[in-house]
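Below is one structure, written out as structure tokens; comments come after it.
Every chain is named by a letter (A, B, C, D and E) in the order it is written, and numbering of its residues begins at 1.
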């Protein structure tokens, strides 16, 4: 995730890091160059490259904008849902620390909280396609065992144990939600259709502009291409909210937040440092 | 569901499998051929096929885009809701395994977990219009009986039984939600209206383009037709998220996930293999 | 609700039943005739009916499309919410059958399940403005009495009774949600404004097209009118999801589903037949 | 709220009550008059009032439509949320009547149900900025006291008291939700920006139409102005769903519904009459 | 938050405070001046600054409107979610006062309610990046301790303590939700892309208007720039709902509401004054 203050209105034009310009500039420049060629050809041999009306391009361009907007909206909703699910993991971890305070100092509490820390760490690795030998689900089973042990030892009442078990259900719910996002991309045909039409559109656009705006064509087509290719690239990035991309969610930072909160609740003082962004990017 | 890494920006143009081009190419080619005929006729006998302005077509085309976008959004929401409901089935199955761990090794637990496996398998078949002799609902009743037996045997406390019964309610909730999606298509009149206007529009479009963009018409109308017919076809596919179509949800794979998780919890080692995509498609 | 397989791409053009064409054809034909008159007048006496530019019409037409789309989206959400609420009624009825299985064979269970059947039947009639002498709410009160009787008789534990009472709360919740949909239409001013502007727009449109597309005008205006009037009519139909209209929800079929499930749970064999569509329409 | 059957397609054109035409007709007529003046000036002194192209106006007009649509959508969501919250109040009141049926005939039940009636009445007054001497919150505290008294008297079990307390939480939740809607308008800058641009746009529009559609200008600008000013006015009305405006929610009728249901549950027969619309408007 | 009655239709044009005009007027004036220069250049040296068609600008302008609208919608959702979360804090605080009424007058109740007041105050400071020495989370831990003390003292039953603990979970949930909004801005690339394209578009727009609307260009481009820059600025403001900006949420006023309600419940009479807007702005 990119973490930086909002630059001034003017400064926003000179930001490169975190911008999509680094990803789409070759295509944008390609469209601009093609545009220049088309204008040149239209001016030199108008018989071969005749001037055509812009209206058909407006129709197609607006249609593509509407569909791109829907797709961006769906990608953003996935990204935000991923954020909400991790917010729920952080909150539930804190709740478990509070809900287990009546067995403070006992080994079962330590076991429970460390299992929750392991859950967060393993969930992060699983969602980033780098699973370790043990799964996050096993950490939940371990946590359930610790609650059971405390209940059998009589230090937790059945009601207190029930409350803790419900918190485990919420952790499991968050994990399954995250796996759903990670394993189920947007329908592939949608990605394909929009990518293709956006690109084809930008490559035929110069023919529609050459006659009406002449040498302004490279600038205008580059502007349209920057908008369309940029949104296409951003949609593809947000679609997979857990990937290690600049706009991806900082799962490692979230897992560290959980670890700090729970180790603090256990009275430890040798805590990991909170995650810091590197070059404005938090992972 | 189509499972494949995102090809490169260029590679995306040459993907056929999973693309909608296989479904709509005859219509797209038809529109392009018609366009060529219209341009030829307009150039040969302009008196009969006069050149007309594009603006009326832009108005209608943008209106259709807006309505197509709404319908795609509704279809996608259905598809995603189907995914969420199956995520809930998977999660609840795992929760039941954890919540019944206090009766590990007893026959009621085995009976309960196998009933949940049967529930997932039967739900899959029912939603795909291939129901077996016994219904998913009967599997839930069987699961409830096992919980009751364990409670009467005194191995489950009333509170623990309550928690398990609540999980069954969630399974029942997921199933009814899936049946709602499977039995209630989008209003038929909507499908009909959009399909008709999108097709009629593409077939009159060549007349609007023939004069303004000449021999560019076949390309532009094919591009518009690909976008509109493609979105229409994709909307129809996503509308029924459980169908055995390339973009449908892989219910068999989900049911296998449930089976593996629960048999593992029972300590079995002879597990079914996880589902694998065939030709990029997971069913 | 219209129940039929999706016809082929070509077949979709010849479907009449379930189409909106039966409702809007007089207006569509009216617009086409008016268009022919306008073109004739424009060609005969251009001084009186001058040719005007299409752009102002495009502006207004696109604005109306955007607002129509919002209204259709709101109507569809109401329709889908009605469907969800009835799905919840069906699910809760099944849950009650399962949750009361521990008092199988006792008169209180029979009384409870029959009260739930009565609830579904009365809810259907109330929502269709044909209430019988007794209300659905009274059926819930009767169900609560049966649960209370079983609890006093000691055959239901307090915890089991609590679970059943919570199911009654869900039934009450579904009913109030349905009443909200039935009693609170979309703001009347919205319906009025959109209906008026859509109709006025289509009646002035021929003047905008007469000069630019000549004798193509009747076809294009009819196409625009079919789209706009069709969406207006469909929005009005979906807005009231419980009405006895072709696209309305089949409440009677849902109530029959509840009755079959609960009578089956009571061990009855003389069950009502599942509802069947008549002329593709399920009520 | 306006309560009336849907007039026929033709009848809809002659409805005045409930229409927004009464609120926006001066502005619409103003725009039409200005248009006539502009056309006259353009025809008389074309040097001073030259004919200009419509395209820039189309761009701005479509942009404003998109933003107006978003604002209407947000206003409608507020209105519908207000309706849902009052539906929840009505449902919870009925639930409390049912959930307290085991103490039927005892003074605590009477005290509890009358406190809920007072809650609904006071909530209505508070949301309409006419609070009485006692708050709805105090009615909830009174209801909680009655439940506590019945529990101490041993007529309610702790479990039954818990269920009733949860219903009070739902009432409190509904009230806070309503207060949120009443106290937090849409961001003021949004209202301001859209109102200003919609009005400015309609006042410059005649200059864009004068040349292209001549004496058709007053009609077309009036149509655009009716759509834009009407949606602006409707958005402002729905934004505050509890206000005493024609499209506002009938809080008094809802509170009467609660009173009738609860007095009936107490066995009273001298019930208030259900609210009736006056001149199609229910308050 | 800006708190003021809605001015009259005419008055809305002369409101400055709360308007975005103070933030964007330099850019709007800049665009108008540039437009005047372009028109002058086009009229003086048409060879250098030729007249170009508006259609390409309409295409790009409408595309940007669609994307701006999506972003405003996402920003508004964040703002409204922030409002809902604080509504939940206020409601839960009142619920805790009611749910603890059975230990009225005892020190644990006083400790509990004061901890909730501290929670609200600290949450406000944390969300506004001005955290004090102690965190809101510690206030929740303190509240949990007070509930535990009352339970051990036997003045709260386990069931009553459970209900209070569930309320603490809701407070924790609200806080984590607020932190999510405060720490996770909209994807930076989105902000950047839209800001850049909106500004670039407005700066090239005069070239598209100069020929078609001549000296009307400065007015029209200023109107477009006011709409686009205004929405861009408002989106940036609503994106961060807790910031001390005119349209930000009045967290201090909300915390004061909590404090007044809870001190009143404790029987105190020396209450803080409700927050009042200063210059129409409530913080």
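Everything that follows uses one rule, which is that a residue touches a chain if its C-beta (ideal position, glycine included) is under 8 Å from a C-beta of that chain, and two chains touch if they have at least 3 such contacts.
Note that the structure is predicted; figures quoted are calculated from it, not measured.
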item: Angular offset of chain A relative to chain D [C-alpha, multiple of 5 degrees]; value: 145
item: Length of the line joining the C-alpha centres of chain B and chain D, rounded to whole Å; value: 37
item: Interchain centroid distance [CA atoms averaged], chain B/chain C, Å; value: 23
item: Contacts with two or more other chains, residues of chain A listed in rising order; value: 53, 55, 57-58, 62, 66, 69, 159, 208
item: Category of the chain touch graph - line, ring, star, complete, other; value: ring
item: Ordered ring members, chain B first, chain C second; value: B, C, D, E, A
item: Sites on chain B touched by chain A in the complex; value: 1-2, 4, 6, 9, 12-13, 15, 18-20, 53-55, 57-58, 61-62, 65-66, 68-69, 72-73, 76, 79, 83-84, 87-88, 90-91, 94-95, 98-99, 101-102, 157, 159, 163, 208-209, 212-214, 216, 219-220, 223-224, 226-228, 230-231, 234, 237-238, 246-247, 261
item: Interface residues, chain B side, partner chain C - complex; value: 27, 50, 52-53, 55-60, 62-64, 66-67, 69-70, 74, 137, 140-141, 144-145, 148, 158-159, 162, 165, 168-169, 172-173, 175-177, 179-180, 184, 187-193, 195-197, 199-201, 204, 207-208, 236
